[in-house]
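Below you'll find the structures, each written out as structure tokens.
Same chain, two partners: chain A is paired with chain B first, then with chain C.
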Partner chain A sequence: MATNILPMLPIILPFFAGVIMLFMGKRPIPHRIVSAITSALMVGISAYSIYYVYKNGAMVTFISNWSAPFGISVVYDMVAALLVLTTSIILFFTVVYSFQSIGYEREKYYYYPMVMFMITGIIGAFTTGDIFNMFVFFEVFLLASYVLITLGNRKIQLQEGFKYFVVNVVSSNFFLIGLAYLYSITGSLNMADIQIKLSNYDGNLAVMTLVAVVFIFVFATKAGLFPLYFWMPGSYNAPPIPIIALFGALLTKVGIYAIARTFSLFFQHDVGYTHQVLLLLALLTIIVGCIGALAYTDMKMVIIYNIMIAVGVIVVGFAMMDEVGSIGAMYYLIHDMIIKGALFLLVGFIIYRTGKNNSEDIGGLINSHPVVGWTFFIAALSLAGVPPLPGFYGKLFIVESAFLNDHVIAAIIVLLSSLIVLFSIMKLFINVFFREPREGLELRDIKSDKLLFSAVGLVVVSIVFGLSADFLYPVFEMAAESFFDPSSYSNYLMEVE
Partner chain B sequence: MKSTLKRAGYSKVQRQMNDVFIQFTGRVIFLIILLFSVNMFLAGHYEPGGGFVGGLLAASAVILLLIAFDFETVRKMIPINFHLIISIGLFLAIAVPTALYFFGVPFFTHQHTYIDVPIFGEVALHTAVAFDIGVFMTVAGTALLIVSLVGGMDD
Partner chain C sequence: MELVTIILSGILIASATYLILSKSVLRIIIGISILSHGVHLMILTMGQLKRGNVPVLDDSVSTYTDPLPQALILTAIVISFALTSFSLILLLRNYKELGTDNTEDMKGVPHGD
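Then we have the complex of A and B:
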């Protein structure tokens, strides 16, 4: 069990692929082949891992064979398994999408290796069982993302990239400070060990609230929660579409994952305060996101503000910290990663085809692109949460949990936000695909088979995910268990001792 | 950079600097720093030091040469591609821990053995050294690449 390579493989593979591509030098075509093969392999491996975890429980490996509370452990539980599979699927489709959209120059300057290093960091942050190691992996994917956001040297990219860099460096420093507090209080960095120590301690733990506030600050910055979202709309608007798709689908979700993990494991003593703050921030995020989504007609901006709404909804689910809420939040998290990736890829196709960012400038595309149009329609319904599609189930559980916990206002805000999501995205749909075509709108002649393959592919993944919700329920129940019942996460430590 | 300086009237900056003292001592100190960096690197197994510090020291030795001479001369002295160094270093850093699975132990678990070498006697062979060489090369290569790129020298 301890020497099982499976939990390490999703971290090793993209790193290896990146290094191999560095050896190849500036040759885009081999880069494409390597990255496509690697991401396809990762999809297969992580899908098998889910089956394996479902049958045998969480996979744990102790790096360097140092046993658990002392060394770094990699805990590949169901949450990690689901997130890794989703990451791999999005990676695969985005890499295929990049072939025809990112541009030869960017491909030459190590675009694919940087994507692979970023994925290494993201998957590492998902799977590690050590909070300091999580910080390290945060840095790994942030470093790669600094490169990706500025790759290409356009003015807007440098400007927004610098903002992104400063914000993240500051919040990473606070992460380190928070870790130092945590270590000085508990004397451990292993998340399971900290959980056991804190739950067995019956003295006053008021000081942990301070750590909770520092952690809220850090992860709210990474996830784009309410007062600290200011960098997000600008920074996510700057780079080319495939990079935005990766950022929007994956990076903010790492922040949410970190919030869910730390708040379920560490901050259980004063739930009335910490989780209320979290809930309040989440609701404010939803409201600000709604305002943004209504205010813009720029396609990228609308979807970026929709990311904020989704972040808020997921955090509402996690702030409840009961079974129903955790299942809903987990399901909605996975759903949102897939559908945000799909929407960015679809919008990207429209932008590449028409050369316009603003939906007001486009019209009547349904005649030339009926498939894209109706795929966009399905993706929009899925985002808003119309029943057979996956958005519905997640929101159902989250709202149910909010009502059960007497947070009626939260539930109503979440419900109303779906209406606004539907409105904002339908506004795009009607502007772009119906109406009379605008004057001077010319469709560019671009190669688009791979663009369409990945955009439609991701929507199909989302539909399949929605239709198999019933079949997947036990999997998500297992995943949510480590949130609403933290001791199930730290069980592996008991087996060691 | 150069044109800005030129416009400001610093045309002398363009000229090759020929400081005999720094060139002569640089050549000597270069070797001393390199030896010290190897010493640091090997000390890192039991004492403070290791691949990271060693790599930085090795890079600083080359940077000293860059200060003393110009880039072309240093390029002739040390005809290495920095990209390749980084690639090899990263490759060692990921391949060695992965290869350890063949010993039936988890990721990163080090393995060692002792062999008899004619003159030196018993010598320890350790997989951690191979990993650390990877770190050494990555750090040195990255530092040099950054300096050469920021210095405006295109490779």
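Then we have the complex of A and C:
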């Protein structure tokens, strides 16, 4: 059996790029070239992989040819393929954005290698088929993110970085506890194998509910769900813009992916309890996120609270666990990764240009930056879900699924949250671009062609994504299948035996 | 035997919780490493503690010890080693830049930043 190398490439490429850059030493210009080339290559490879998976079904690679339930397998199904492509696109634009924004000192002290190691961990967590391997990849990207959040030694970064570190280490240890319970129940670590064992087991599985609660605790901390979001606004506010864009667009989404994967594969025996808890937490997250988004005028904070709203909406879709809800959640997940990256990059441009974080200190930027203004406007509409921009389709499916499952309150909260998202982001738009300029506002003279290229580029990607929703529907249907029909995910084990 | 190790790991996790809730940064870091020890002990117990059996599954072997928990713990120990060393460096930088190791003084945005 020949090993298919294609699923491994998105993990191997950034890892080797990072290692090569470490050996290059403190030379930012070669680092820039290597990381830009690597991320462009990853976009190409992952786009081809989507086509390949669409034609041939999920790609599975058995590491060192150890057969499936015993060795580690990399399962590159449609969910992983879509998430890897989105991650690569965001990585490419953020790397280009970093050229002119992150600062020479940070570049010298291994900023790009750390970004690459973080991407290695994120993509590994998306593609692995082994739950312990997922823990290891979580640690890989968390360790790189601890470095990124503190890189530069500003006081706020060190202070918030330490809190971020403690919260994540404690939740990682709980991940291990959950894994230990799961292993003692099923005797396996391969996710597909666990799914088969649990669905064929007809004894009492009440203890699995305990595992479900431990997993909710772990992944809710990573994703920023309601009672465990407390670290997020502070920590995401601390580092420079490109790092926030990567964190906001990718890190919380890994938590959501892990929730969706584990809850669709493992916890199917007591859906009435576990998925209700998930739904309740998601709704509370939306409400808290709305309060935060309305309360702040600081541009970064408004978007950070908007991340929480989006996390809540996506988890509502996954908590329904039916076909419509899964398609909607999957679509909204991809949409939110792109648009949050785009918004952070746009806001970052405004912050670099004016030197102000607070939207009330700025005004009248539309005269000097009409293109940025209208791009921001389109991004805001896309975030709120105005058709034909992509936010609309995801929310449409999620709300439809909530109505179909008689969760009318959930549907209403999701719909109302769109209005609050629109209001909070329009408040920024009007403050920054349309009011009379505040006194003492001076535009800094910065090089900004690459900043604008990345920010506008991501918004264009989002528009194209929205316009091609109809064309992409079969792809998302295929992706959602592994959530509402978990046996389709574990099919590859049958073929091995 | 399983009962004893479970109780031991419970004691470790309880004392780790106490340390993590304290205000000194160094105590929090010690708490984190004790927490990981407790968790590792628990993984070991979950694979059942059987002595005197081979860890290799073969046709001629009827009882065998599960080697997987050891492999998992080895990985987890390496990770927690990396985390501990990183956290100590972070503590040092924190102390130099902020001039404190008390978490009470680490609230809000520091002035002049």
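What we mean here is this: the second predicted complex is superposed on the first by the 495 of 497 C-alpha atoms of A that agree within 3 Å, B and C clash if a C-alpha of one lies under 4 Å from a C-alpha of the other, contacts with A are read in each partner's own complex, and residues count from 1 in each chain.
The rule we apply is simple: a residue touches a chain if its C-beta (ideal position, glycine included) is under 8 Å from a C-beta of that chain, and two chains touch if they have at least 3 such contacts.
Please read all numbers here as calculations on a predicted model, not as lab measurements.
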Partner chain in contact with A:V19 - chain B first, chain C second, else both or neither: first
Partner chain in contact with A:S67 - chain B first, chain C second, else both or neither: neither
Which superposed partner A:N153 touches (first chain B, second chain C, both, neither): second
Partner chain in contact with A:S368 - chain B first, chain C second, else both or neither: neither
Partner chain in contact with A:A180 - chain B first, chain C second, else both or neither: second
Which superposed partner A:V170 touches (first chain B, second chain C, both, neither): second
Chain B or chain C, by number of chain A residues touched: C
Chain B versus chain C as contact partner of A:Q276, first or second or both or neither: neither
Complex interface listing, chain B residues touching chain A: 83-84, 86-87, 90-91, 94-95, 98, 101, 104-110
Residue numbers on chain A that touch chain C, as the complex places them: 132, 136, 139, 143, 146-147, 150, 153-156, 158-159, 161-163, 165-166, 169-170, 173, 176-177, 179-181, 183-184, 189
Contact set on chain A toward chain B in their complex: 2-3, 5, 8, 12, 15-16, 18-19, 22-23, 25, 61-65, 74
Complex contacts: residues of chain C adjacent to chain A: 20, 25, 28, 32, 35-36, 39-40, 42-43, 45-47, 68-69, 72, 75-76, 79, 82-83, 86-87, 90-91, 93-94, 97-98, 106, 109-110, 113
